[in-house]
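Look for chain A in each of the two complexes below; its partner is chain B in the first and chain C in the second.
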Partner chain A sequence: MLGTGLIKGMAQTAKNFVGSYQGPERLVTVQYPEERLAPKENARNFPFLVFDGDDAQKGLRCVACQICEKECPPKCIYINKSKDKKPDYIGKPQFYPATFDIDISVCMSCQICVEVCPFDAIKMDKVFELSTTDRFEALLLHKTELAKPNEYFQELHPTEAAEIDTRFAEEKLKAEAKAKADAEAKAKAAAIAAAPKPEPAPVDGSIPTPVAPKTI
Partner chain B sequence: MTGQLDQLFVSLKQWLVSFLPQAAQPMAGILLSISAIIGAFATMFAITTIMERKILGRIQNRLGPNRVGPFGLLQPAADGIKMLTKEDIVPFAADKLVHFLAPVVLIIPVALALAMIPYGRNMTAVDLDAGILFFFAVGSATELSVFMAGWSSQNKYSLVGAMRAIAQMISYEMPLVLSTVSVLMMAGTLSLPLIVQAQSGYIYEILPRWNVFTPWGLAGFVLFMIAATAESNRAPFDLPEAESEIIAGYLTEYSGFKYALFFMAEYWGLFAVSGLAVTLFLGGWNAPFPFLQWVPSWAWFFAKLGTIIFGFIWVRGTLPRLRLDQLMNFAWKFLLPMSLINIVVTAMWHFSRVFQFVGAREMRWVLCALVLAIPYFFLGRALGEGRPAKRNYKFAE
Partner chain C sequence: MSFSNSGNTGGETVIPSSDSPSLNGVTAAIDFDEPQKSYSLLPKQNSEVPGELLEVAMGPHHPSTHGVFRMDVVLDGERIVKLKPVFGYLHRNHEKIAEGTSYLGSIPYTDRLDYLCSMSNNWGYALTVEKLSGFQVPERAEYIRVIMAELTRLVNHICLVGFLMQDMGAMGTPLMYAFREREKILDLFEAASGARMMCNYLRFGGVRCDLPKGWLDEARKVVENFPRFLDEFEALLSGNEILIARAQGVGVLGKELAVNAGITGPMLRACGVNYDIRKVDKYGIYDRFDFRVPLGEHGDVFDRYMVRVLEMRESLKILKAALRDIPEGLIVDAKAKSRGLRPKVGEAYGRIEGPKGELGFYLISDGSANPYRYRVRPPSLINLTILEDMCLGLTIADAVIILGSVDIVLGEVDR
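So, the complex of A and B:
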């Protein structure tokens, strides 16, 4: 009959109205500046640069390959490659970004830069209280503001960070082992080179008998 | 003492006016009444906006505004300051004069309608013999202002909103007026204070003689409230300003103080039509029980008004917006026949008064209720007909 649904709905809202005064656990909202919800592990907004070690600029994982700059759909990343090289985490000399700027007023938080980075150098951040009175300079983040330690990344995305860290450690071990093996081989070669030459074959002028060709 | 408290505002006005020369007294009295009405309802508008947001929040299991002042009670002041300091933008292509006039044209008839309402014993600002006729006459002028706003803005959303508003308000004007006819038939007068007087007194010395406690009065009250919701463009009949469809309807191009004025006029319209409902059906300023008569009459009026406003907010928090065809079907195929049937039922109630045997009152009740319930059932079922059957999507499973 007409009206039964209306009464049911009105009863439901009346229940909510009275219930919200009786049981505070019904309230679905959080009083934001005082109370905060912990962010979800998969939350993301703007990218940042990961560095290892203590020195933010020396430890940057970024090698200025500029893949992210090319892939960025709104073109909010600006990279200048360095002229010189610095050693990376396994000691291999690599280029580094002389400038690395992200314009977060343009960034659309798509995470494509993170997906394409072969060095796990750029990752998504969760900070959101970024309001500022200057919408041009203050929203153009430079290398110094973007660089954040690996420990911070481990905190943000523990699972992903653990996976990356073990991979890096393995690579480092492998590289060390290789370096060690190389060094050993080199040392061996050097030792061989340094060792006295074996006795040369006696020279008696006889011509060795040629081996008869094999018949097919 | 109770009489003094009851007549507090009346004697205050007389005392203030008595300082003036005899010739200026009527004019000063009217000006005083007008400023009292404007002041009281501006305050009530502020209170209603904050209470509406609070109640809607609670209905949705939220706290509602709680940042400005204690419990957020200074929110209306913050809103007012914001509205006043905002830039007043007039669209380049707008008809500037009409665009400016629309909010003014809205607020004047609404204020005129508010002057008709009896707020308490001897507290009617303008006591016209045909008060209710005047109320509806000026009330229908609000449609003009809504269309002025929509047309002069030169904006398609405004125009669509205004067109919807015109269609809706004209359609619902009919059941609104027809549902009051039964009250006029029983009271035999068009004067609002006399209608209130007709509802005073108590049955068996305890039950109030309000119109809402009769079958025709109850049906009339429900019909009146539905039509009043549509007339004041409130949810679920807020199609003219449906923000999810047409931004803000005819208010789209209004900003700053003009928007605030529009907003206030809509709430005043709501108060006026709620006040009329109180006057016509809920016994006006009469106390519900004889032993509560020591409470001043104006307090009863505003308590009832507040209850009705709460009802409006409750409905707004519950019901989703109607579609335009549902709106029209509801007005013309349900409300209009029901209000016509209600007039017939009123006549039945009136003429069955001659029955004097034991249980006659109960028998009249059942008879009238049946005559209302049977068409209600069938008209309600007819409204649901023509609804498309539940569709089965062959490839969706």
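So, the complex of A and C:
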């Protein structure tokens, strides 16, 4: 009969309408500015720079290797390498970025900078309410705006941050142990060098050995 | 009302009707010496034809054109006597940019080809680079790829049906139901890859990161609930008299024309040609899954709608099996490297059955870090080429739904 399909369809819309008052199955929206869904752990928006410790500029993990600048597909990262070096988290002297700018009006949030960074210095943020009235200067983020503490990163991506932190701690321990061992070895060598070496023992046997050079 | 003009059996080019002499003038040889007066699509007017032909530029900013796409139509009353698709408004130089970018750097650009199905686009490109460089994909990554590609197919088809209904005048309701379900799948994408649409998830020889904890259970829940939604959706639409009246017998595409024009995907299968690259090529691990290829019979708009609905059901079958069998293990080939990849000199063509048709990537490597040539075979563009043949003789309202049933995304058409 003509019209049964229509009536069936209307029954479906009625079902959906009534159902939307009863469960989250059919009403999936939330009232946005007041209510917010918790962001997913993997969610990403724009990159930021991670720093350790209290000082945002001294503690930056970035060593200005410029890999992210090269690999960035839309080329929105601008880095100037410093002239001098400063110690990193294990005490090794490293370069640091004199300037580090990201133009987020160009950035396409692809996460490739994060992937290629060997120092875990650049990570993805989840902030998305970024509208401004100035589309040039306000969207070109400088080093000062990009630097965010490690605690913030731990909050955003707990699993990944925990893994990185343990790795860094291990490396630091290893580096300290190595430094200690090195220092000990050095001290030992110095001690050996300082002490007078004993005469080489006389060699038994008929064949005379080549003359050992006499030190001291 | 008669659709006799479009009801051509077989695949010859449609000639609107022999009794409109206005079109016959077009076939006359072009006289190059005669200066062209002005650009016009209007065929030469014949004084015997009563009334005038009207040229209308539909688009580029028209709500029914799915983006910035223009149809220059010539109308006789309300009937279309000539139609010329005009595109290029969204051209972003994708292929040339890729020639200047590293192999890794092109993956996020492939997301932006067909922005509804970024996961499938990633797969097509990754497949080609794997052919070029010989990486092996681990078992778990293969399963993840199949799961993502089939979820993408659900997203694409559900959106398409929603938009098609919107074009037919069902303002909002089916589209909103479709978007509600799509949202659940996009949440899965976000949990796995970090982004809802521009996923950038696949890598050469695997995927970027492993699935987060509990993701598979979430996905199983979504897949289990999806058939219920599909049943509802079909109850809402498939038997609807208005849909049937609008869609059946409209935009008929013959088998021969479809094959000759290189049409692929659900468009081709709606004409009754059994061709699915998942079955033909068996790329990835598709030979392990048991699924059927739905075929249409008439090649009209209704068949295209129906083929897509049935394809979603088959996709759900694949998804169920893949989510059941997915093993633990590596997610990326240990030998694969993404940064600084320099494949050996050679060329490769990789193709997948994207939701819209055969999505192919052609790469030539000269041994450097950038591809020497990068070419995309976009299904949307090639499926669009026969638009005129399907629309001639029909009304302008039919042209809108025919365009909707072709399933184009302008990001892919223009690249």
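Methods note: the second predicted complex is superposed on the first by the 184 of 216 C-alpha atoms of A that agree within 3 Å, B and C clash if a C-alpha of one lies under 4 Å from a C-alpha of the other, contacts with A are read in each partner's own complex, and residues count from 1 in each chain.
The working rule: contacts are C-beta pairs under 8 Å (C-beta built on N, C-alpha and C of every residue); 3 or more make two chains touch, one makes a residue touch a chain.
Everything numeric in this text was worked out from a predicted model, so none of it was measured.
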Which of chain B and chain C A:R26 touches, first, second, both or neither: both
Which superposed partner A:R44 touches (first chain B, second chain C, both, neither): second
Touched partner set for A:Q57, first chain B, second chain C, both or neither: neither
Partner chain(s) touched by A:E71 [first = chain B, second = chain C, both, neither]: second
More chain A residues in contact [chain B versus chain C]: C
Partner chain(s) touched by A:A14 [first = chain B, second = chain C, both, neither]: first
Which superposed partner A:N80 touches (first chain B, second chain C, both, neither): neither
Footprint overlap on chain A, where chain B in one structure and chain C in the other make contact: 2-3, 6, 9, 12-13, 16, 26, 28
Of chain B, residues touching chain A in the complex: 55, 58-63, 66, 314-315, 317-319, 334, 376-377, 379-381, 383-384
Residue ranges of chain A touching chain B (in the complex, touch as defined): 1-3, 6, 9-10, 12-14, 16-17, 19-21, 26-29, 31
Of chain C, residues touching chain A in the complex: 101-102, 104-109, 111-112, 173, 177, 180, 183-184, 187, 190-195, 198, 200, 208-209, 212, 225, 232, 235-244, 338-339
Interface residues, chain A side, partner chain C - complex: 2-6, 8-9, 11-13, 15-16, 25-26, 28, 40-44, 67, 71-73, 108-112, 115-116, 124, 159
